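Two complexes, one shared chain (chain A), two partners (chain B, chain C).
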Partner chain A sequence: MNGPLISLDGLTKRYGNVTAVDDVSLDVAAGSICGLLGPNGAGKTTTFKCLLGFAKPSAGRIAIEGAPLTPATFETLAYVPERASLYDNLTIADHLTLYRRSYKHYDDVRAHELLALFSLDPKQKAKRLSKGMRTAAALTLAFSIRPRVLILDEPSSGLDPVHQRHVLDLMIDAAANGASVLFSSHQVGQVERAADSVAIMKKGKLIVSSVIDDLKSGEKVIEAVFAGPIPDLGDLASDPRVVRLEQNGSMLRAVTRDDSDGIAARIFALHPKSIRTIDLNLEEIFMNAVSEVTL
Partner chain B sequence: MEFVEFWRVRRSLLWFAGSVAAIVVLFLMLPQVGTVHVNGPGVSSSFPPGTGVPLGTLASLAAFFAAIYASIVGTSLNRENSTRELSWTKPLTRTLLALRYVLIDLAGVAIAFAIAVAAGAAIATYMHFPPYVDAEAPVQIVLGIGVGAMWYGLLQVLTCVAPAGARSLGGILWPVAFVVAGLSQVPGSIGAIMRAIDVLNPLHYMSSASSHGTTMSMGPAELPADERALIAWCFAVAFCAIAIALWPRKEA
Partner chain C sequence: MPAIYTVDPRSGVPLYLQLIEQIKRAIALGMLAPGEQLPTVKALALELTLNPNTVARVYRELERDGVIDTSPGRGSFVRTDGAGVEARRAVADVARAAFEVAVREAKSLGLSREETHELMARTIARWYETELE
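After this line comes the complex of A and B, so read on.
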């Protein structure tokens, strides 16, 4: 199909007077990885719950592969929750048997490759697994059905750095094979490495949704260090090209949009000891998006 | 997914069978008795050695064991709530999933009932009271499994959409059921209220004492066993249907 595999249109979820997800619209195309970022309580997990039918949206439309969610959707949709859900009294091998019986596309060879990748013993009962191993087992199950749509909530939670890298590689591999991946993470570096687009949520609202490269090219940071206290900045803070100004001792940081050279020239005129212009990384973009403190 | 419930029921039946077997062994260690006197409400009978025990009597006793087993498996939908991310992301409607769970559990209740009847027959045979099939046996079997199924359904309705802590209701329901049954005998408004509640109490339909072909209801309205069986099964089906309808609607 040509359209997005995951599509949210005006998704809203209210619990009483609290709006947990507020008019969120988001598309994830086939072969694309979207990283969902946001502080705790931003509404990421609630968005996933609505997406998977665990919670009924108050408003909006959800489509997976262009159609509303049905039980058949789950033949090709895999979900890994933040806290891996496993049957404690069953072994990993039992879980694989369960998946083999439940999914048409279950691939046993793939499942055993993944067990080896995550160093999991199939004879081990789920209740004996550490948090990281539970996550690894849940990921093994999710990828064993060769899904076209992957929804992963903190998929590297509890994993060591080596296995975290494996998870990112698996997502990239799945996307390369045409899958859509939507994953949340608190580790911005992981999103930057694996995702091609990013969505940032804050207080239930989607405040940024863009291709990462477009975001990076649009904004830059100018860092200036002064010999003494930072001089009077005049109306710099109200310059429309300035997204945010931060002062830390004798250091001034200006996040700019568009004409960064013009802003650099204005700061240079204040005679800083040093000045440099740096490309914005995703962490800066995230911090700018969720920060409420501006000068 | 029902595969998981098969595992659970099989494991719980093994535990149940083991416990019943332990009771049988205890009886086998007792000295063989002579005449057995049974004194129940409205019933007073003597069983000299060699007298057979009617299967209906064994079935009415086994109903208690079926209800005990129902208390174990009657929270299966509640238990599944903690692994909802696994079960609700399967290519299967949640209603069908719940229905399969209930059918498997009810099969377990019937097996538990059969185990209890078999254990009772073994003890009776050892005690030189060989069991025989009496006229009331079929209806007592239907009633015994029906009471177990009703207990199971009631527990499912009370727990299927409740938090995980509600699983303790499996144990709490027993004293509550006995208290309601007891207070329903009290005259006055409290008794009237309790009699109304007692209609939903599986104990109300259970046979309490039995001699040759004579069974009694524990409830105040001493209905014939076939009517009690019908009512118990109607409640069982209704409770299970409510639980199956409610469970998929629970939000995460």
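After this line comes the complex of A and C, so read on.
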């Protein structure tokens, strides 16, 4: 099938007067990894809850592998919540036994590879695990069912840098085999590395949804210094390619959304003393997007 | 074999462009020979911890540029005809861009044409001298 494996269409979730998720539409294709970024309270976890059927949407549609959620959906869907849910009195091995009985595609060899990767002892009871080890155990379970759809809420919380890298490699491996991955993170660098697309939420709304490399190609800062005062800029501020103009003495800074070369050419025509284009990384693009400044 | 590509995900330069440049550089320097097979998309994605779609985009663009040939089922290979020429051209483009930035910077810092010339001549003397030894 060629359609997206994860699909949200106009998803809205209201709690009383509060709109936690506001008209969010997002697709994650097979083989794709989408990183979901947003400040705390932006609606990321609520989006996940709706996606998994834990919360009933107020409006909008959800489809996993092209169909509404059914119990069968969960045979190929893995979810790791921010606080890993394990049975405290069961060992990791007990959890694997449960998974073996519950999931058709459970792969015991894979599960034990992952335990070794994360240096986990299967005889340990869940209640004895540190926060990072709990996350690692939950990830081991998630990836052991050979999922086609992965939904991971802060999948590296509490993990050391080496294990964090393993998590990224697991996502990459799954995507290379055709799975769809949607994960949230506060670490922009992880999204920048492992994801091909990014979604940024703010106050329940989806404010950015793009292929990361395309975003980086378009979003630049053009900085020009003039010999004297900045000349008349004409209608530059209303050019749809310009996000924002900042002026400071003889310095002009233009933040562009796309075609930064076109905007640089417009500014160059005003004869600045110097002009340069500054590349923005995802963190800077993210900060620009969520900061309060609007035109 | 040590990884011959270094990409920086935290840079503002799109990752696929960084990797394209690195592969062309490797071909121009002879680290990748004509006819040599490139790793699969999955293998390279895992080696560099990069998104597989990003790596796939790199291979598509290299194929379009006439640098590699990809045949389904067999894999991707450095072209035996013209890949070197194209890679050399691409590397010259990178050098030209770096040069342009340097000269523009000198100008915007207020150096005169003569001063910039002088600086360039001295830099060239230093680096090309060393290479002769």
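Going forward, the second predicted complex is superposed on the first by the 240 of 295 C-alpha atoms of A that agree within 3 Å, B and C clash if a C-alpha of one lies under 4 Å from a C-alpha of the other, contacts with A are read in each partner's own complex, and residues count from 1 in each chain.
To be clear about the criterion, contacts are C-beta pairs under 8 Å (C-beta built on N, C-alpha and C of every residue); 3 or more make two chains touch, one makes a residue touch a chain.
If you're wondering where the values come from, they're calculated on a predicted model, not measured in any experiment.
Of the two partner chains, chain C is the only one touched by A:Ser217; chain B is not. Applying the stated contact rule after C-alpha superposition, one finds that A:Ala254 touches neither chain B nor chain C. By the touch criterion defined above, A:Ala55 lies against chain B but remains apart from chain C after alignment on the C-alpha atoms of chain A. Note on chain A: of its two partners chain C and chain B, the one contacting more of its residues is C.
Interface residues of chain A, counted against chain B in their complex, comprise 49, 52-56, 71-75, 77-79, 81, 85-87, 89-90, 94, 97-98, 101-104.
Chain A makes touch with chain C in their complex at residues 31-33, 165, 168-169, 172-173, 175-177, 189, 192-196, 212-214, 216-217, 220, 225, 273-276, 278-284. Within the complex, the chain C residues that touch chain A are 9-17, 41-42, 45-46, 49-54, 57, 101, 104-105, 107-108. In the complex of the two chains, the chain B residues touching chain A come out as 1, 3-4, 7-8, 11, 82-86, 88-94, 251-252.
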